[in-house]
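One chain, chain A, links the two complexes that follow: it is found with chain B in the first and with chain C in the second.
Right after this comes the complex of A and B.
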């Protein structure tokens, strides 16, 4: 039995075939490549010949149309994954932001200029401020901040720089309830000063997320079917008493989507 | 009946090495093979044609904000890439010029730079877009060693005061002397304060063309004297 690719090869290589009959054989020759369809038996009927030709034509057409229609569009869209169905924020976006900002913070002058003997810093995270056009749940806003500070490597680094980490009580409870607490041993803010007299944060670790939204369509009169979101996830360490921003880092990206909502 | 491949007029063996010239393939098998080819062709058509639509269904990735897209080109609002480039220019220009601003460098104590207001005269672009640009400039100043040498960059008071309240003990006894941390952040003398403000304008010309004007300035809070300004003009024709 002929393999499918052999049939395809014959079919595709003989688009300019010259047909001739050699006795009971029908031979197609095209340049250096040739395909021969040989008839040996006498059992073939006109109907089967017709069926054969129809099937062959269908297969050739499907291949040709498929290739010609699809390949240019594939070539144009390859390498730039700039379109999707939605521009909404994803968990991965925050993950990338956290990873980038952790490196940035570790290399910052605020950290590198400190050592164990430096003045103690009591750092408390605060809830991320969402100024983007997307929605973020409270747990996500807290998690986006705590995941930077309570990463084990970051905790180790901060410990060597005489930076103590605290967690607001409500936020710690919230994170624990959702199973995203970064460190079970993290110190939480006391209910009263009697509980922890030394608790007086000096710095806060703040986050902010902002975005620029753009929508457009190819035809000015048609509904917008292309959307773009430029997102900035920003973190900063602020000295509470002076409001001085000691460090600031950000992760920025752009995402586009196409199609109408009904799509 | 049999199907035979011939190269240069001579029969060519198939992959199996068998000479097919005289072999017989049943009509049914041939039809099956052609059906298979047709199916493969159809699948190839559907699968490859899906490439054209692929981005609509896939996750879509993160792109560099400086990469200009079709949406940037077609949107009538201020081009995001231009806005980003403008913010970079402001940050770099201020870092380059701050050493030449005498009233900043000759002070007995460090000056304070705060974020100020945004004046948005553009009817098509929302102020929140310019807020992001202002934050970019702000971060650039924070991370510039040159700027930090001459001035402290401080966060808005309302924001820091809120953080102070959020991080105090849940039931603070305000009469307790051990509660040493302040309940409000510092308020600076206006003479030491410089405010980073933004002005954004737009002029429409004809049906399509829009001219955008971006400006960021550093103003002395007390005298309202502008000590630094950087502008950016862009023309857009979607």
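Right after this comes the complex of A and C.
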């Protein structure tokens, strides 16, 4: 490898090489090093020039072969999961949506019009419905709703508004198993109503994620290499008896990625 | 003269020194050239390495032995995520795990694979590298477009069997990407071919229509490029996907999610592209089904290098295409379903191939350089030109050697896929699948879904499956069937070889203790064992500890890494494969070896049970 690099060095330093004739002698000058090599006789001179040519050609190949050994390892680290190469949802996207929707809910008339003396609301979240163009794990879908309701500040607020929160048992277990539950003290809904006659949700907190995909290329003849995803996360509180939507909120964001879709 | 003479000697010395330097440099250069030539040879040999299909895995797949196949594939898969074939290995393992009915094992592969498929420009940085060491060594395997679509479909099947229709829709939507239609370029090729192209016709590969088509396209592209006009490989019409299975699955998922418009669009596309599927499309739209059977058959075509410098990749069928329908018998009804997607067709279609233009251009440049370089080297009058020509020829040789097509492919993909929406009654159903008299699978105990729900079941058929495929009798108690009525696992014979004890009780005795029950331990199951007269005074923890002492992985109770080979097949995992899967049938519809306990605790308990049951008579394997 060292030898190869030496050759590369010679070749690159001789890129400005010039030949000139001094009487019967041909003088070959490597410009950058100002190295002066003089040969006697035409044969050796042409061999020398040939040698430089061959060295230059092969050294460039050597450089490329050497680089080819190095490039894959570079590519391996950058080939996948790079930002800007995928429009897949990230945890941060959901966090932003959750933060915005929490504020929206806190300021909504559904909350502000209530107080401690209002009729009790038993609110149960349901799994977020994925209508987007990307897979979303079950844990992410549950997290996206539980993080709105089971945020400590939101729980405090809801407690002052006579709103009880319940978490479906399966979902609570799932969230606990993955260590993403917002509050370990959150009340878990019983397995069935038979076990607890008091448990009877009046409202459900539902979420939905939708997206619109656009794929194109900068050059009309080239395969698509740009993808844009406009994602909308919607939340709503529905009164179960009347199916009336008591509150709804949404957050939109855009994600773009470049690089050949097919590759 | 004197001055000249006086200068002459020192000049001679200088020359001598310079000659020595030149001599040293020449020696070094020769050494360098030698090393470089060796490197070139290494590169050439590296470039010539083709993809080796895993024949052992293929052999197991043909026999429907997906348990053995998935373990082989898993053990041979690279563990290095930066390996260029990492995702190819993950896809193979995932497909085999699905076929074996163990989605819990396939989950991590499905997630990683989906993430990878959705990442754009994975090989963006590998252009230069692939030029010199060949695609196979430089590029991450992402598969031809049809392989990518099939991978998305496989992930959607995984989600469908778990009832996750939102993810199914997302997965298959990604499989319906736009394609590149080169038919106009090919039409130009055909119109030009009246002037006979002798260079092409002299080659053997011209007899193969697929290769000839590709060579024509490549030559047209090269000529166009040379003439300064638009590159033939860039002259295409964007075409809508004709991935039938993608539309069918999207229609099913959309219907389930209540997205009527989406469903209608998919159903219309399916009917328009394949009129013979109009009935299937209308069944999907009608919703008169509660179970979707997704059935794979055969093996996908093999990818080989052909044409000049083996630079052109073509797919050769392994399982021949035909239009044999899938016959599904459920109770008294018998229905036929057409082939939804033929993978041989996709592989043959230029639209569904990547057409690595760099590879072809590289091959072309290699040819040009080789011919030009050799010609210069042979015909030149001076050394300089000869050396320059030789250098160019070496460069050409390297490029030729590395121009061979990347022949990596997923050899365990199916040849065809069927979609069969059927109605299953509540409770357990017997479902019989057959394809043209070549492959038949009788699946007992397929649960009908609860009212208002739609379940997806996945089965994979092959034509060399063993007698277990058609026995239709569950021999082991499992978590889907419950207690089996025909536990013929172990026979209880007296010394004269005459069965004297009812084997029915064995259905409620753990397999590791000599019985025929391979259910995951629960309180309820322990009660059942105890009601049958076994394991009295044993707690659930004690029962789980028995499995632990045998180092057995238990589904739902043991941590990662998930199920490996089942204990019935000599492995160390206790789980029930997905109902309706080929793995379920293979595992429970044939007789397996009697379990040999390893721990003294289980050995003693098993001996006690034998005494308790049969007064010390031996427990023998039935023939």
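Basically, the second predicted complex is superposed on the first by the 174 of 263 C-alpha atoms of A that agree within 3 Å, B and C clash if a C-alpha of one lies under 4 Å from a C-alpha of the other, contacts with A are read in each partner's own complex, and residues count from 1 in each chain.
The rule is simple: a residue touches a chain if its C-beta (ideal position, glycine included) is under 8 Å from a C-beta of that chain, and two chains touch if they have at least 3 such contacts.
As the structure is a prediction and not an experimental result, all values here were calculated from the model.
Student: Go through the superposed model and pick first if A:137 touches only chain B, second if only chain C, both, or neither.
Tutor: After superposing on A, A:137 lies in contact with chain C but is clear of chain B.
Student: Have a look at where A:230 lands relative to chain B and chain C in the superposition and call it first, second, both or neither.
Tutor: first
Student: Figure out whether A:169 sits in contact with chain B (first) or chain C (second), or with both, or with neither.
Tutor: Once the two structures are laid over each other on A, A:169 reaches chain B alone.
Student: Spot which of chain B and chain C makes contact with more residues of chain A, would you?
Tutor: Of chain B and chain C, more residues of chain A lie in contact with B.
Student: For A:124, using the defined touch cut-off, is the partner it touches chain B, chain C, both, or neither? Pick first, second, both or neither.
Tutor: first
Student: Give one of first, second, both or neither to describe whether A:91 is in contact with chain B, with chain C, with both, or with none.
Tutor: In the superposition, A:91 touches no partner, neither chain B nor chain C.
Student: Touch check for A:256: first (chain B), second (chain C), both, or neither?
Tutor: After superposing on A, A:256 lies in contact with chain B but is clear of chain C.
Student: Please work out whether A:215 is in contact with chain B alone, chain C alone, both, or neither, and reply first, second, both or neither.
Tutor: Touch status of A:215: both partners.
Student: Which parts of chain A are touched by chain B and by chain C alike?
Tutor: Common interface on chain A, chain B vs chain C: 3-4, 6-7, 37-40, 43, 48, 51, 55, 58-59, 61-62, 65, 67, 69, 71, 73-74, 77, 80-82, 85-87, 129, 131, 215, 227, 257-259, 263.
Student: Mind listing the chain B positions that touch chain A in their complex?
Tutor: Listed in rising order, the residues of chain B that touch chain A are 1-9, 11, 14-15, 20-22, 24-25, 27, 29-38, 40-42, 44-52, 54-65, 67, 69-77, 80, 83-84, 128-129, 131-132, 135-136, 138-139, 142-143, 145, 152-157, 159-160, 163-164, 166-173, 176, 178-182, 185-186, 238.
Student: Can you list the residues on chain A that touch chain C in the complex?
Tutor: Per the touch definition, chain A meets chain C at residues 3-4, 6-7, 37-40, 43, 46-51, 53-55, 57-59, 61-62, 64-65, 67-69, 71-82, 85-88, 129-138, 213, 215, 221-225, 227, 257-263.
Student: Could you pull out which chain A residues touch chain B in their complex?
Tutor: Residues of chain A touching chain B: 1-4, 6-11, 27, 29, 32-41, 43-44, 48, 51-52, 55-56, 58-63, 65-67, 69-71, 73-74, 77, 80-87, 90, 93, 96, 108-109, 124, 126-127, 129, 131, 166, 168-170, 189-193, 195-197, 199-202, 204, 206, 208, 210-212, 214-218, 220, 226-228, 230, 232, 234, 236, 238, 240-245, 247-250, 252-259, 263.
Student: Under the stated contact criterion, what part of chain C meets chain A in this complex?
Tutor: 15, 18, 22, 26, 28-29, 31-33, 35-36, 39-40, 43, 81-82, 84, 111, 114-116, 118-126, 128-129, 131-133, 137-138, 140, 142, 145, 148, 155, 159, 164, 166-167, 169-171, 173-174, 177-178, 180, 230, 234-236, 257, 259, 354, 382-388, 390-392, 394-395, 398
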